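A short write-up of the structure that comes next.
The letters A, B, C, D, E and F name the chains in turn, as written, and every chain counts its residues from 1.
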Amino acid sequence: MGMAVTVLVLLVQGAWGQDTQPASPAAIAEKAQAGVEATQTAINTVWTLLAAFLVFFMQAGFAMVETGFTRAKNAANIMMKNLMDFSFGSIAFFVVGYGLMFGASNGGFFGTDKFLLAHADVATGDGLWQMAFWLFQIVFAATAATIVSGSMAERTKFGAYIAYSIVISLVIYPISGHWIWNADGWLAKLGFHDFAGSTVVHSVGGWAALAGAAILGPRIGKYVKVNGKTRAKAIPGHSITLGALGVFILWFGWFGFNPGSTTAGMNLSIATIAVTTNLAAAAGAVAAMCTAWLHFGKPDTSMALNGALAGLVAITAPCAVVSPTAAVIIGLVAGVVVVLSVEVIDKILHIDDPVGAVSVHMVCGVLGTLMVGLFASPAYIAASGVACEPGLFYGGGLKQLSVQAAGIVAVGGWVLVTAGSMFLLLKKVNLLRVSREEELRGLDIGEHGMEGYNGFQIFVTE
Amino acid sequence: MGMAVTVLVLLVQGAWGQDTQPASPAAIAEKAQAGVEATQTAINTVWTLLAAFLVFFMQAGFAMVETGFTRAKNAANIMMKNLMDFSFGSIAFFVVGYGLMFGASNGGFFGTDKFLLAHADVATGDGLWQMAFWLFQIVFAATAATIVSGSMAERTKFGAYIAYSIVISLVIYPISGHWIWNADGWLAKLGFHDFAGSTVVHSVGGWAALAGAAILGPRIGKYVKVNGKTRAKAIPGHSITLGALGVFILWFGWFGFNPGSTTAGMNLSIATIAVTTNLAAAAGAVAAMCTAWLHFGKPDTSMALNGALAGLVAITAPCAVVSPTAAVIIGLVAGVVVVLSVEVIDKILHIDDPVGAVSVHMVCGVLGTLMVGLFASPAYIAASGVACEPGLFYGGGLKQLSVQAAGIVAVGGWVLVTAGSMFLLLKKVNLLRVSREEELRGLDIGEHGMEGYNGFQIFVTE
Amino acid sequence: MGMAVTVLVLLVQGAWGQDTQPASPAAIAEKAQAGVEATQTAINTVWTLLAAFLVFFMQAGFAMVETGFTRAKNAANIMMKNLMDFSFGSIAFFVVGYGLMFGASNGGFFGTDKFLLAHADVATGDGLWQMAFWLFQIVFAATAATIVSGSMAERTKFGAYIAYSIVISLVIYPISGHWIWNADGWLAKLGFHDFAGSTVVHSVGGWAALAGAAILGPRIGKYVKVNGKTRAKAIPGHSITLGALGVFILWFGWFGFNPGSTTAGMNLSIATIAVTTNLAAAAGAVAAMCTAWLHFGKPDTSMALNGALAGLVAITAPCAVVSPTAAVIIGLVAGVVVVLSVEVIDKILHIDDPVGAVSVHMVCGVLGTLMVGLFASPAYIAASGVACEPGLFYGGGLKQLSVQAAGIVAVGGWVLVTAGSMFLLLKKVNLLRVSREEELRGLDIGEHGMEGYNGFQIFVTE
Amino acid sequence: MKLIVAYIQPEKLSDVKQALYAAEVFKLSVTNALGCGQQGGYHETYRGVDIEVNLLKKVRLEIAVNDNFVKPTVDAIVAGARTGKIGDGKIFIVPLDECIRIRTGETGSEAIG
Amino acid sequence: MKLIVAYIQPEKLSDVKQALYAAEVFKLSVTNALGCGQQGGYHETYRGVDIEVNLLKKVRLEIAVNDNFVKPTVDAIVAGARTGKIGDGKIFIVPLDECIRIRTGETGSEAIG
Amino acid sequence: MKLIVAYIQPEKLSDVKQALYAAEVFKLSVTNALGCGQQGGYHETYRGVDIEVNLLKKVRLEIAVNDNFVKPTVDAIVAGARTGKIGDGKIFIVPLDECIRIRTGETGSEAIG
C-alpha cells in the first residue's frame, strides 16, 4: 500500500510532471483534455465498482430475509444456500455465463465469446473497465439465482439446490439476459426497456421460484384438508428482526442496483434514479402495510417488509425514465399488488412460497416492466439518455407497452420451460426433496449435520 | 444496462469526439475546462449519493439497537416502527417537508416552495444535482424521526407512532431545520454552526424522544415503590449481539452522515471530518466503558455501545471545525456524560427511556453543539470552508458559544412544545398507549398479531 | 450543510468564475490542468475514504462471525471485545502506532515521527490527503487486532484482552507493518510484496491468535481424555445466521480492503483487484464446502463460511498481480487448506481456536503471501503499477518466492515473540483467564454482569 | 384424581390434542423436554468433530384428571401418538391428592376440569 | 411431604414469590410451560393466514414441602396469583415419598427446606 | 414404581448421565428449570441498575423406575452431582401408579425400562 501511493505519485507525475521547458498552450490543453478523459473513466469505474459492492451486499439481505421468514430448524441450510449460490454462480458466470450474455451475439439469441474474462486485456484502459463491468454483472446474476432459495426453502435437498444455482448462472439467466442487455439481443432491438432488471433479474428469479415451489410441493403441514376443502395454515418465520434487517440491507443494496445500472458516475441521472428508487420503496411499504391492515385487521410486519421489496422490484425497470411522483404511484400499486398476490398464491393456487419470493420478484417484476410502458416520461428518458419510447400516460400510445409485454412473455416462457424441466428432472430422479423425517427434524441436521441455533430452546410443537 | 453503456460512450463522444478538422488550442482548452466542471459535478454527485446511501443504512442500525436493547416480545413492533417511520417520512418530506425546510424563506422561519421536488428540472445539470441533494436530506429527516422510536418503545400504540412520525417529517423537523440549514434561516444568519446536525437532527429527535417518554410514562414494572421510595428496576434488552451490530452499522453510516455533509467530494476536508468522526466515536466508547466500570463495578456492554453513539452525536456539529485531538476530547466528554445522563434520567427523573435515546441524542447533541463554541479552530474552519467563528479555546471568546446556546434553546423549545402538544393530544384521546394487558403480552401480538421470534422459547417470568 | 453548499459554489467559482475579461487560451488551459489535478486528488480521496468505511464495517463482520461461532453465554463479551479493540486501537494508533509505522524510518525498523497526526497540516492539500490515508490505515490496524478475539473467545479476562489490543495497535502491528508498508522498511526494500496485507494484517493477527490460544489453553470440555487418548469434542456456535451474516459483511468489506489498497481511484486496476478478490472468495467457499462434504460426510456450513474467508485472506497479498483464473486457483487451494488446517490444529495440536481464526488468518495469510511468488504475472504487475517480480509460474524463478518466504518468517517470529511474551506475562500474573466457575456460567455474567440474550431460554446442559 | 405425565414426539402434539378433544379432555399443560429412551439418538458433526446427540427433543404433557377420565385420556394419548416406531413415548400416572382452582378456590374433582 | 405443582400466569410470578417468602417458603423450582385451560387463547395472523393459538404461556412452579406447610404454601400461591379472571391457574398436590439433599445426603423433612 | 425428580447443576448433567449409565439406568427425561434454593443467586447490573437474580438455572431430571431401581438411581444421581457445595440440588421421589409404553401398549414394570 505504501508502494501503491508512490506509484500513484509517479503516474500523476508522468502525466503532469513539470517539463523542463515551458509547454505550449496547445500541449497543455491537450494534456488537460487527456486528463479529463482519464478522470471521467476513473469516476465511472469507481462508481460502477462501488455500486457492485452494494449489490453484492444484497446477498446478505436475501439470506436474512429468507431465514427470518422461515423456521429456526432450517436456518443453517438457508445460509449455506445463499453462500453457495453466489459462490458457484460466480465461478459458473466467470467460465461460461458472462460470455453467453455479453459475448458477440449469435442472431440475437446468445453470446459466443468473452468466456473466462479472456477479452479483458489489463494492459488497456478498456480491459480494466471490462473488469469493473464484469463485476457489476456477476453480482446481478447472483441476485437472480438467490431469489429461488426463498420459495423453495425448508424442503429442498441441498445438492439439488446447488445444481439449480449452477444451471441458472450458467445458462438460464445469461441467455434471456442476452436478449435484453446485449445491445444485439433481439428484445433490445425491439426496443424493450428494462433499465436495471425488473425482468432480466427479478422476473427470471421469480419465474424460476414459481416453477420450483410448484414442482416441489408445499411444506408438510402447510395445507390441510378440512371437510374436503384445502385450508392454508401459517408457518411463521423465526426472526422478524433478521427479516427486517435483511430488507434494510436489500434497500441499501438497491441503491447500487438501480443507480449503479448507469455504470457511469458521469451520467448524473444517477441522482434521479436514487430518488425514484427510494420513493417507490417507501410507497410500497406504506401501501402494503395499509392493505394488510385493512384486509387482515392488523398491520402484519412481514407484509410491510414485502411491500418495500415490492416497490423496489417494481421501480427497477422504470427507475431511470419516470418522475418521482410516478415512482410513488408505482410503489403504491406494487405494495397493494404484492399483498393480494401473496394471498392468491397461498390461498387459491396453494403454492407454498415461504417468503413470498414469487409475489415480490415475479409479480412485481412483471408489474414494473409494464410500468415503463405507462409512465415513461420524455423528460426523464432524455435526462438519463436511455433508449425508450414515452409511455401511455405521456402520449406514447401502446407502442412501448406492447414491446414490454412481449418481453415479459418471452422471458417468462423461457424460464418456466428451462427451470421447470430441470426441477421436474430432479424430482423424477428423486433428488429434489428431502424425506419427510428430515423435513420435520429440520434440514440443518439432515443436510448439514448441525443446528442453526445451538443452545437455544426452540419450541418443537408444530 | 447494456444500453446505458452505449449511451455513455455517446455522451463522452459528444463532448470529446474527434472533430474532422484539428481543433484550435482555445477550443480544446475550453472543452477541457467544460470537462473539468462536468467531472467535478459528477464527483460531488457521486459522493453525496453514496453518503446518502450510508445514512439510509443507519435505519438498519437504529432498528437493531432499539430492538436489541428491548424485550423479545416487542421486536416485530420495533421493526415495523423503523420501517414505517422511514417510509411515511419519505413521502411526507417529499410532499411538504423538504419545501418547508429548503424552499424560499418566509422571514427566516419556513420555506414556501420546492414541494414535491417540483424545482428539480432534470433537463438541467442543476436539476439533477437537486435530486441528489434531496436524497441526502430525506435520509437525514428520517434519522431525526426514528430516534423517538427507541425512547417510546414497548408501550406505544402503533397508530400513534405513525401519526407522530408523519408530523415530525412533515413539520417539526423541517421548520427548525430551515432556521439552521437554509441559508436564509434566522439561526443561520445569526452564525449558528451545526455542520452535520447535532442539533438539527439529533437534538430534534432527542427532545421529541424526551417529550414522548415523559408523557407516555414508564413501562410496567420499570419503577417500583419500595418503602415509599421509587426504585428503578432493570429491564434488560433481549439481544446484545443485535444491539452491537446496530451500533457498528450506525458508526459505519455516520461516515456518510458527517463527511457527506459537505455534499461535495471536491471539498477535501471530507478526510478530516472522517478522522474526527472516528476518533470521537472511539473515545466515546472508551470513556463510557471506563465510567461504567468505575461506577457500576463492571463494564456494561450496552453502556459502552451507547458511549460510541454519544461520541458520534457530539462530534456531528463540530466535526468539520475541530482538530483530531479535540475530537478525542469531545468524544471522551460525551462518553462520560452519556453514562451519567442515563443514570440521572432513570434514577432521578424516573423517565423510562429503554435505549437511552434522550441521553445519546439530546444530551450529547446539545453537548456537541456547544463544543463548536469551545473547540472550533481557525485552521480547520478555513480548511473546510464553513462559516464559523473560532471557539473559546482558540481565542474566539464567547461569541460562537453564545450563538450556539441560543440555537440550542430555540430548537429545544420548538420541539418540546410541538412534539409535546402532539403527544399530549394523543394521550388525551387515549390513542397513545397500549393497554396493560397488551403491554404485558407484548406489542408484537397486540399490534401486529404475530411474534418476533416464533419457535424460540422465551422466559416469561418478569 | 446548507452553508457547505454555498461554500462549494464559491470554491468552484473561485477556480472557474467568469473573469470580466476574456481569458487567454493559455490561461484557460492552465486552469483546466489545475482543475484536472484537483479533481484527481478528489477522486483518490473519495475512493480511499469510501474504502476505509467499508473496511471499518468489517468490524461488524468480525463481531458477528465470532459470536455466531461461539456460545450464547459469551455473546455480550464478544461484542464488547470487538467494540473496545477498535476503540482503544484507534486511540493507540492515533497517539503512537501510526508514527511507528509510517514515520520517518529508523534503519528500516520503525518510524520516528507523524505521531498524533501532527504531520497533517489541513491548510495544504497534502495534509488533507494524509487524513484520508490515516483513516485507511487505522481501520487496517484494527482488523489485525480484532482477529485475536475469536481464537481466545469464551475464556479470556476482559482486562487482559484490552491490554492485548492496546499493545498490538501501539507496537506489534505498526513495527512489522513498518518493515513492509513503509517505503523505507527493510522488507519493502528487499522487494517483499504484500499488496493489501495477507501478512501485514492477517498473519500478524493470526500469529497473535495462535500464541494467545495456545498459552490460554482450551475451553473446559473441549478436549477429553478417553482411554488415555485426548479426543476433541465439538462446542457448536450459537447462531449460524449471525455467523453467516458476518461473513457476508466481511466479504463486502473486503471490497474496500483489497481494491482500496491502491489508495487511488485513478488507478484503474481497482477493477481487476475487485474481480480477483471476488473470485478467490467464491472459489474458497466452494472448495471448503466440497472438502468438508467429502471429508466429514456432510457439507458443514461453518466450514464453507470459513472457506470464503480463507479465499479472501489468501488473495489479499496477490490480488493486484494475478489473473482472475489464478485467483480462482488460489481460492480453491485456500479453501482446501483451511479445512485441513482446522482439523490439524484441533485434532492433532489440540489448540482450541473456537472460530478458526488461526487457520483462516495465519495459515491462509502465509499461503496468500507465498502465492505472490508463484502466480504474480507481469501483465497484471504492470497494470497495477506495483513493484513486484514475476512469480515462479510466470518465469520469474524463485526470486520473489524466497523474498516472500523471508518476510513470512520475519513477521511470524516478531509476532510470536512479542505477543507470546505478553500473553505469558499476563498468564503469570493470573490476569489472562477467567475462573472455572465464571467460564461455565459464561463471561457475560462474569465480566459484564449481564446476559447476551435476556429472556431467551438457553439450554444449559453441556 | 390422577396426574398423567406423557412424553411424546413433538410432531405428534397436534394429533394428540385432537384425540384429547375428542375424548373431552380440554385442559392440559405442555413443556419441552429432552429425552433419552430406546430411540438411538443421532450423530451430528460440527466443523468435522463428532457430536453424539442422545437427548432427543420431546414434548411433555401434564394432565390432571378425575379417576374416571384416566382411561379415556390414556387411550386418547396413545391413539394420537402411536406410530409403532421406537420413540413414540411413554405415559406415567401419578396419584393426585388435591387440585385447587386459583380463581375460585374450588378444590377436588370440580376444580380439575 | 407433598409436591405442589402450580400453573400461574407468567406476570404473576413475582407476586407469588413475594407471597411465598412471606409464608416462609423459600425454595421452589420454576419452568415455562404452555397451557390449555378455560382461558380461550387468541388469534394471530401471519401474512394474512390465521393462526389459532390455544396454548398459552404459563409458568409452572414445583414446590416440595412438609405436610404442615401445604396449606400456607397453597394459600400463598392463591394470594399471589389470583386476579379473579379466567386463566389464573391451578394447583396440584402430589404425594411425596422421599426427598434427598444431594450435598449432604440428608433425607426426609430435613432435606426439604 | 417411583417417579424420581431431581434438580441438579446444569454443568453436572453429563456426569450424572454417566453415573446413571453405570447403574444401568438408560431412560430419563430432562428439562431446563430455574431454581430458588439455599444457593444465594447473584447480582447483575444492566445499564447501572441492579438486577437481583435469585432464580438460578438448573436442570430437572425425571426418571421413572421400578422399586428395586430407586436406590441405585438415587445413588447414581448423588454420585454424579455432588460437589459438596450449596446448590448441588435435590431429589424428590413420587409414587408412580402406572406406566404405559405408547408404542406397544405394555404397562407396568415392563414398560418402564
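The working rule: a contact is a pair of C-beta atoms (placed from the backbone, for glycine too) under 8 Å apart; a residue touches a chain by one contact, two chains touch by 3 or more.
Predicted model, so just to flag it, every value in this text is computed and none were measured.
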Chains in simultaneous contact with subunit C and subunit E: A, B, D, F
Steps needed, at fewest, to go from subunit A to subunit F via touching chains: 2
A-E against B-E, pair bridged by the larger set of C-beta contacts: A-E
Self-contact between copies subunit D and subunit E, residue sets same or different by half: different
Chain pair equivalent in interface to C-D, over half of contacts matched, among C-F, A-E or B-E: A-E
Inter-chain centre distance, subunit D versus subunit F - centres from mean C-alpha coordinates, in Å: 18
Subunit A and subunit D: spacing of chain centres that average the CA atoms, whole Å: 47
Computed distance of Cα centres, subunit B from subunit A, in Å: 30
Residue list for subunit C, restricted to those that touch at least two other chains: 25-26, 28-29, 32-33, 35-36, 39, 43, 46, 50, 236-237, 239, 245, 296-298, 300, 302, 449-451, 453, 456-457, 459, 461
Subunit F: positions in contact with at least two other chains: 30-32, 34, 44-46, 55, 94-95
Topology of the chain contact graph, where touching chains are joined (line, ring, star, complete, other): other
Pairs of chains found to touch, sorted by chain label: A-B, A-C, A-D, A-E, B-C, B-E, B-F, C-D, C-F, D-E, D-F, E-F
Subunit F to subunit C touching residues, read off their complex: 10-11, 13-14, 30, 32, 42-46, 57, 59
Parts of subunit E lying in touch with subunit D, wherever the complex brings them together: 2, 5-8, 31-38, 55, 58, 60, 74, 77-78, 81-95
Residue numbers on subunit A that touch subunit B, as the complex places them: 24-26, 28-30, 32-33, 35-37, 39-40, 43-44, 46-47, 50, 54, 71-73, 102, 133, 136, 180-183, 185, 188, 195-197, 236-241, 243-245, 247-249, 251-252, 255-256, 259, 261-272, 274-275, 278-279, 281-283, 285-286, 289, 296-302, 304-305, 308, 324-325, 328, 379-380, 382-387, 453, 456-459
Complex contact set, residues of subunit C against subunit F: 440, 445, 449-451, 457, 459-462
Complex interface listing, subunit D residues touching subunit E: 3, 17, 26-31, 62, 64, 94-103, 105, 111
